[in-house]
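Chain naming follows the written order as A, B, C and D, and within any one chain the residues start at number 1.
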Amino acid sequence: MPSIRMQCASILFVASLVLTAPADAQTLAITGATIIDGTGRAPVSDGVIVIEGGRITSVGRAPGVKIPGAAKKIDARGKYVIPGLMDANVHLSLSHNLNVETLIRFEDRFDEIVVESAQVALKNGLTTVFDTWGQMPATMKARDRINAGQAQGSRIYLAGNVIGSDGLFAGHFLIKSSTENVSKGTQERIDARYAQGVGSRLQLMTPDQVRAAVREYIGKGVDFLKYQGDIGATIFFSPRVQKAIIDEGHRANMAVQAHITSAEEMHVAIEAGIDIITHGEMPIPPNIWPPELIREMVEKNVAVSVLPFTQRRLDAMEKYSTGPTPSGTDLVAFYKSGKVNRRNMIKAGVRMLLSTDAYLNNPDILPEPVALQADVVDPDRKIGEAHFNAVVALEEEGMDRMEILKVATSNIAKAYRVDANLGTLEAGKIADMVILDANPLESARNYRKISAVIKDGKVVDRDPLPLAPLITAKK
Amino acid sequence: MPSIRMQCASILFVASLVLTAPADAQTLAITGATIIDGTGRAPVSDGVIVIEGGRITSVGRAPGVKIPGAAKKIDARGKYVIPGLMDANVHLSLSHNLNVETLIRFEDRFDEIVVESAQVALKNGLTTVFDTWGQMPATMKARDRINAGQAQGSRIYLAGNVIGSDGLFAGHFLIKSSTENVSKGTQERIDARYAQGVGSRLQLMTPDQVRAAVREYIGKGVDFLKYQGDIGATIFFSPRVQKAIIDEGHRANMAVQAHITSAEEMHVAIEAGIDIITHGEMPIPPNIWPPELIREMVEKNVAVSVLPFTQRRLDAMEKYSTGPTPSGTDLVAFYKSGKVNRRNMIKAGVRMLLSTDAYLNNPDILPEPVALQADVVDPDRKIGEAHFNAVVALEEEGMDRMEILKVATSNIAKAYRVDANLGTLEAGKIADMVILDANPLESARNYRKISAVIKDGKVVDRDPLPLAPLITAKK
Amino acid sequence: MPSIRMQCASILFVASLVLTAPADAQTLAITGATIIDGTGRAPVSDGVIVIEGGRITSVGRAPGVKIPGAAKKIDARGKYVIPGLMDANVHLSLSHNLNVETLIRFEDRFDEIVVESAQVALKNGLTTVFDTWGQMPATMKARDRINAGQAQGSRIYLAGNVIGSDGLFAGHFLIKSSTENVSKGTQERIDARYAQGVGSRLQLMTPDQVRAAVREYIGKGVDFLKYQGDIGATIFFSPRVQKAIIDEGHRANMAVQAHITSAEEMHVAIEAGIDIITHGEMPIPPNIWPPELIREMVEKNVAVSVLPFTQRRLDAMEKYSTGPTPSGTDLVAFYKSGKVNRRNMIKAGVRMLLSTDAYLNNPDILPEPVALQADVVDPDRKIGEAHFNAVVALEEEGMDRMEILKVATSNIAKAYRVDANLGTLEAGKIADMVILDANPLESARNYRKISAVIKDGKVVDRDPLPLAPLITAKK
Amino acid sequence: MPSIRMQCASILFVASLVLTAPADAQTLAITGATIIDGTGRAPVSDGVIVIEGGRITSVGRAPGVKIPGAAKKIDARGKYVIPGLMDANVHLSLSHNLNVETLIRFEDRFDEIVVESAQVALKNGLTTVFDTWGQMPATMKARDRINAGQAQGSRIYLAGNVIGSDGLFAGHFLIKSSTENVSKGTQERIDARYAQGVGSRLQLMTPDQVRAAVREYIGKGVDFLKYQGDIGATIFFSPRVQKAIIDEGHRANMAVQAHITSAEEMHVAIEAGIDIITHGEMPIPPNIWPPELIREMVEKNVAVSVLPFTQRRLDAMEKYSTGPTPSGTDLVAFYKSGKVNRRNMIKAGVRMLLSTDAYLNNPDILPEPVALQADVVDPDRKIGEAHFNAVVALEEEGMDRMEILKVATSNIAKAYRVDANLGTLEAGKIADMVILDANPLESARNYRKISAVIKDGKVVDRDPLPLAPLITAKK
């Protein structure tokens, strides 16, 4: 926790920025800070970043950078500027929170939930998030409104459906199993918002048929592709069908990722040319990756999004565990394996992307003991909170602190093919950045000490976010 | 079915009434009809009924009744006038239709559902209904709006909660068992609308404590009392507690009824002084009433509301039966016993009240085969339809047709202690009546042949009812 | 725990008895002990008990009692002799242990399970137990074999079925709900062993029909009657039917008890003339008895069998509680209410009978955390162990120690109408007694310190019991 | 049905054989019959088959075959001799009949159940069956006893476990889902009999580790290998792991088959080198095979075991269907797709093996309507009956009758690599054959008209089979 004095300093600092910030065309100059630009290059002290028209126009050490006369100056002495944080895997339209009550009550307002999620994320330094599964139309609407400046929030890139996955009801995705209370009509209406024509029927198609379906799906306006790699340790699509999906993504210049939780399927997907393996260290059933697999990840330079959680959380899970889930999953063994795999992958130099699988947490809906603990002990799937714990986990698992910054910024931008505009503090890039009160290269805990968040060259007024909460509203 | 010609005649007949009907203070004279006044007296042919200020001011054979000059005359030659029909047991705020989806989607609009139900009832000749369980606040609001002339619909009397019964979730009342998907907060909020402080905790109270709770409950504005007599064949309240509840109802000049499904509990409730036994012929588990019990009903002159259903429906149930329900109930045996009991009770002269337990039927929510059949084969719990089948069932079970009319009108008014104003076509009574195109004393099927419905002295414009459907809206 | 030295002394003491014990016609004289005879009279030090032909022939202070020459003398100086202990409520053919696997595997060997239970009981000082529900034929067979000297074990009196209760499958008695895996034929075959013609169908009968069914049931050879008083707080049989059952029991000179868990039903049963209320302090749902009810128990001098458990157990339950059961029962609140009720009843002077509801505990079948705890923390339903904790619980709840002894002996004999032969150490009574190493009037914990058990005038060889274990066999 | 006269003739015919059959070393000559030898060659009328030492020593048209003097002659004029029938896929130790009750009651007697199944099969002309999943030890014991002449029954070849599959409880294989009533110890004990060290843990292994596990498994004495190809449409083992399993089987000169139900997985398994696809026309979810897949089957000459069922059965299923199963499977659509696929595969010339998935049917355990119908309408999974319906189905689906015979004999022998000894009526082969009263090349219904079954050169006494029924015993 920052000291009270530091907190107050930050508040005043931002308040002044917000109050004096002119309209869209604002020119800004951040001065006096240590700049850690996300490329892996050494930090630059007494740095200057000039922002014009929402982009970085120059960045460097103080005397060498020319500050335009019209620039509003932000005095950031003693502070640290890093690229805007990213999360490679979130679910803005909820995920483990999904239940019948929420779905029906908010059926026509899920775009507001997405905006709410994106605002909680932005408030906590995430300027860009990658939504890897959810209600496509609602998430797209929120994305477009944010991009058009009609709503605040993190910049959103979205996969829409996980190709191969059916909707909530048909796919048995709800946290509680019973859907008997929901009429068939409502089930189908809601499911259609998820499946978007690329549900499990694709398993029954020939490679050419799958190719056509994916092409049509891409046309709906998603930003990248994700497909179902496996279910537990069974392989969802045959190798040649996986190749067909990946081809189609690449043809549209999109990154393609797959949900995978088993070692053999990772091998299959890597052979098929996958760009990103989602939560590529978390095995179902619990399992330790064989060294061959980790070597293959490194050799093929595949990006692996990971879900780091702290030892403190793992200890709490073990302590409060009541044994395997009704369906037989031993969650503690699952998490333990994940931690071992991550350590081994870090040591071997696997290219990682920070991710959290996070969503808004509604305690009224998920009141289980463990979930309650989640508010106390390092939540790993709570949006706005999980990424702070994830960087601490990577640190405790032995990752170099400069690498951690890349894992949370430029690695993600590259893997998702958006690095022309995002991910580092370099001239020409969109001006997304976070100003910290303490040095993230000294402790990963310092990512929490946010002084200001700048997105699109504008200082974010963080305090009132989220502006119109539905899920996190105080009851 | 009436012939096309008859139907057209009726349509024109009503159209003319509606078009020419003046405002509230209207004086009406119905002439030329055969009047069957609901007292059991012989029909009066060429009858005249004069209505002023919403009440019947005189009634009798043509030349002997003076018609005020200002009266709007309704020429009802060839038709039959009977008192407005009543249903002693309905559930306007739904019942077997209740599920999580409906509850959440319409949480704040149940008063509209009650009005919708009341309008469907009124359209089909039911000018007064007795709601024996449901959401008290919503039903009360609808009752008051109808009574104030702010909404159309049957006149409503309501019990609110069944004393001893918890809300939907706590009491496991929903058609599907799982309530896991509903947050605790929502469950409690909805349950409170039902339980109203007289839930199952009363079982743990002393007679004096129960008395106090019931007194407080009466103060909320309900019209009569109903308590839980038994659950299956187990007795819900001890004899002395039953006496306490009945005493409190009588002290407030209310009729008191009990939900009872077992013979021994009927004996206990009769001894305790009950006024009305709800569905007093339907046994859980299936059972034939011993002759002693039927003798006791007659001797104590207790009113028994019954749920008559036709042999045709019973045959369909048997044909489509898939065996006992998951909880082991053999519905066919249950219905068969009910029919035998009713026949025996009719033969012995038990005082009956026509009832249906009916509610609005939403096929999207109850799409089971049997429910679908309900639309085809004599529904017995569908509001607006069930009472027409019930009178036919009584006829086929051997009840005298004049008695059937009383069972559907004056018997109910007396048992519920509202016979000073309702139940017969006598001077001084509120002008609620139904004009039929065919003689109900010739066939119980003629109750369907409604030519006009008059409530509070005004002709009801039946065609557009229900005016703003929620549950029965076309999808 | 007794000291090692004391234990050794006891072992040698018994060993000598067993080795030298002559055949059936043995005459015994116990000398030197303090005799506490179970009548409530003051203890007699330096007492002598003479046993001939299995009965006590004289008892008194040393010099005043003549010891026959042929008598085998037992030198019990420093020890305490009390009547054989009794348990007013056990389930020798298992109860909460019942599951499909056990039922099928041991279908034809339940009499052996009953003998095993009776041997575990006898080993721990219970010379007589009252089996209040179970497999009637198996329990009867075991009873008869023990009475005929063909098997060792506690003396058994049995109720057979709880009148009104169906078998395991029909009555949903199994610890796990699913019975789908069992064929209909097997279900019916096993159920018939329980229901014995007095199942729930009796609820549908008239009082006269119930009377006839109970009379027929008595003819099967049961020793006392028990009927279903309530289920939760609903009343199972109407007052007049309860009277009919009680009348039939009394006509056969049997004690009649009822399973009751609610205050109002206790009032109803007491009015109907019940002899014994089973677990008459344990309320479902949790509830504190009103003072009126406790007064009524005292005034009518009804016997109440109670299930005392220690505060230590209650604390453990609360600590390990995971909330209400799936069916909504809050077990901790239930146990807490029970303890409060018991304290209030002790203070008011209600006539109590010690009972445990105990059965053999198979950890392979009931491996739940709480059950495991039961082995550690004062089990209250484990046969051979539960009664030792029960007397300690009564002591901590304020019961006088002399009263505790009566509650565990003579009170039970009287309530079950077997006091002509059992329950006290008086001349003419059957020679059932327990010799303790320490004074039970000093601490209820001393009941555990058994030096010897004598049943029917013979010293029991306790060590090898149970002789041929099925349920408690080491795996 | 054969005429009464024909039946009597057959009975006498066999009776005479059985009565006069000498001991093991018997030499037999079947004369006068039409011989259809299973190779596809034209039938030979007035044929002679000479059997010595359990093997066929010569076969041909009458005058050309020398009959040893010592030969017992069987006059088979007017009859038809075919090779002993085979079933490529049975479950002798039960399958869809499996439930907790059976497992516990017969835990130590499953070898008797296997023998019972093999006797029912043999009685109906199946001289060899391939058991593709079951209790390995029990099935092996039965196999060895039959091979040693200690028990009668079909010749058994067994796979033991399906590699990748866990036991009944862990693998959720039981017909009813709940296993809560079974103690952990019993579950593990029974599961171990199935899994045999090659359960689902193999999914987590590297190819080399799988190879080692399979090698060890082969050492236990199974006759061929079967692995889990897919679950629904998800692929169970990666292509390279499938190759490893197939390699190990081939190294031990075993046929390798896989359970497969999806088109893409068939492609994967064929590429991996599979010998036999199990029920290769039955798609989960329902699906029509793309023409590419069928072409691939033909080109790679893979053997496909099929489960043919008649249109009559399909019609009955559709008529009695109550919709999808609780888990969402639409069985009617599944069966319909299977029939279409089979027709298409027959037309394309896919090499097929007749199979049934059959097991003993216990009506006490599977009393569902559909199961009952199975006794009336062409059962497709009832051992001893299903294969008769399967050949009729193939005929109605357009398969040439000579091909049908090969599908039921020599095709199976070749695919399972046992054609050196079995599958045709050629000199040197083991003397397994069926004598029919009518020509199977005229109607597939004629396979039912069995006159005699000869196995290992001996005429089978079919009437008393099964000799000691457990599952099919009359209750």
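The rule is short, and it goes like this: contacts are C-beta pairs under 8 Å (C-beta built on N, C-alpha and C of every residue); 3 or more make two chains touch, one makes a residue touch a chain.
It should be emphasised that the depicted structure is a prediction, and the values quoted were computed from it without experimental measurement.
Undergrad: At the interface of chain C with chain D, does the proportion of residue numbers present on both copies reach over half, so same, or stay under half, so different?
TA: Over half shared, hence same.
Undergrad: On a C-alpha centroid basis, what's the spacing between chain A and chain C, in Å?
TA: Taking the mean C-alpha position of each chain, the two centres sit 64 Å apart.
Undergrad: How big is the gap, in whole Å, between where the Cα atoms of chain C centre and where those of chain D centre?
TA: It comes to 58 Å between the two C-alpha centres.
Undergrad: If you average the CA atoms of chain A and of chain D, how many Å lie between those two points?
TA: 53
Undergrad: Where in chain A do residues touch two or more of the other chains?
TA: As it turns out, chain A has no residue touching two or more other chains.
Undergrad: On the basis of the stated criterion, which chains touch which? Give every pair.
TA: A-B, A-D, B-C, C-D
Undergrad: Would you mind writing out the residues of chain A in touch with chain D in their complex?
TA: Residue list for chain A touching chain D: 170, 200, 203-204, 206, 230-231, 233-241, 262-265, 267-268, 283, 285, 287, 290, 292, 328.
Undergrad: Would you pull the chain B residues touching chain A in the complex into a rising list?
TA: Against chain A, the touching part of chain B is residues 99-101, 104-105, 174, 176, 178, 180-186, 364-365, 367, 475.
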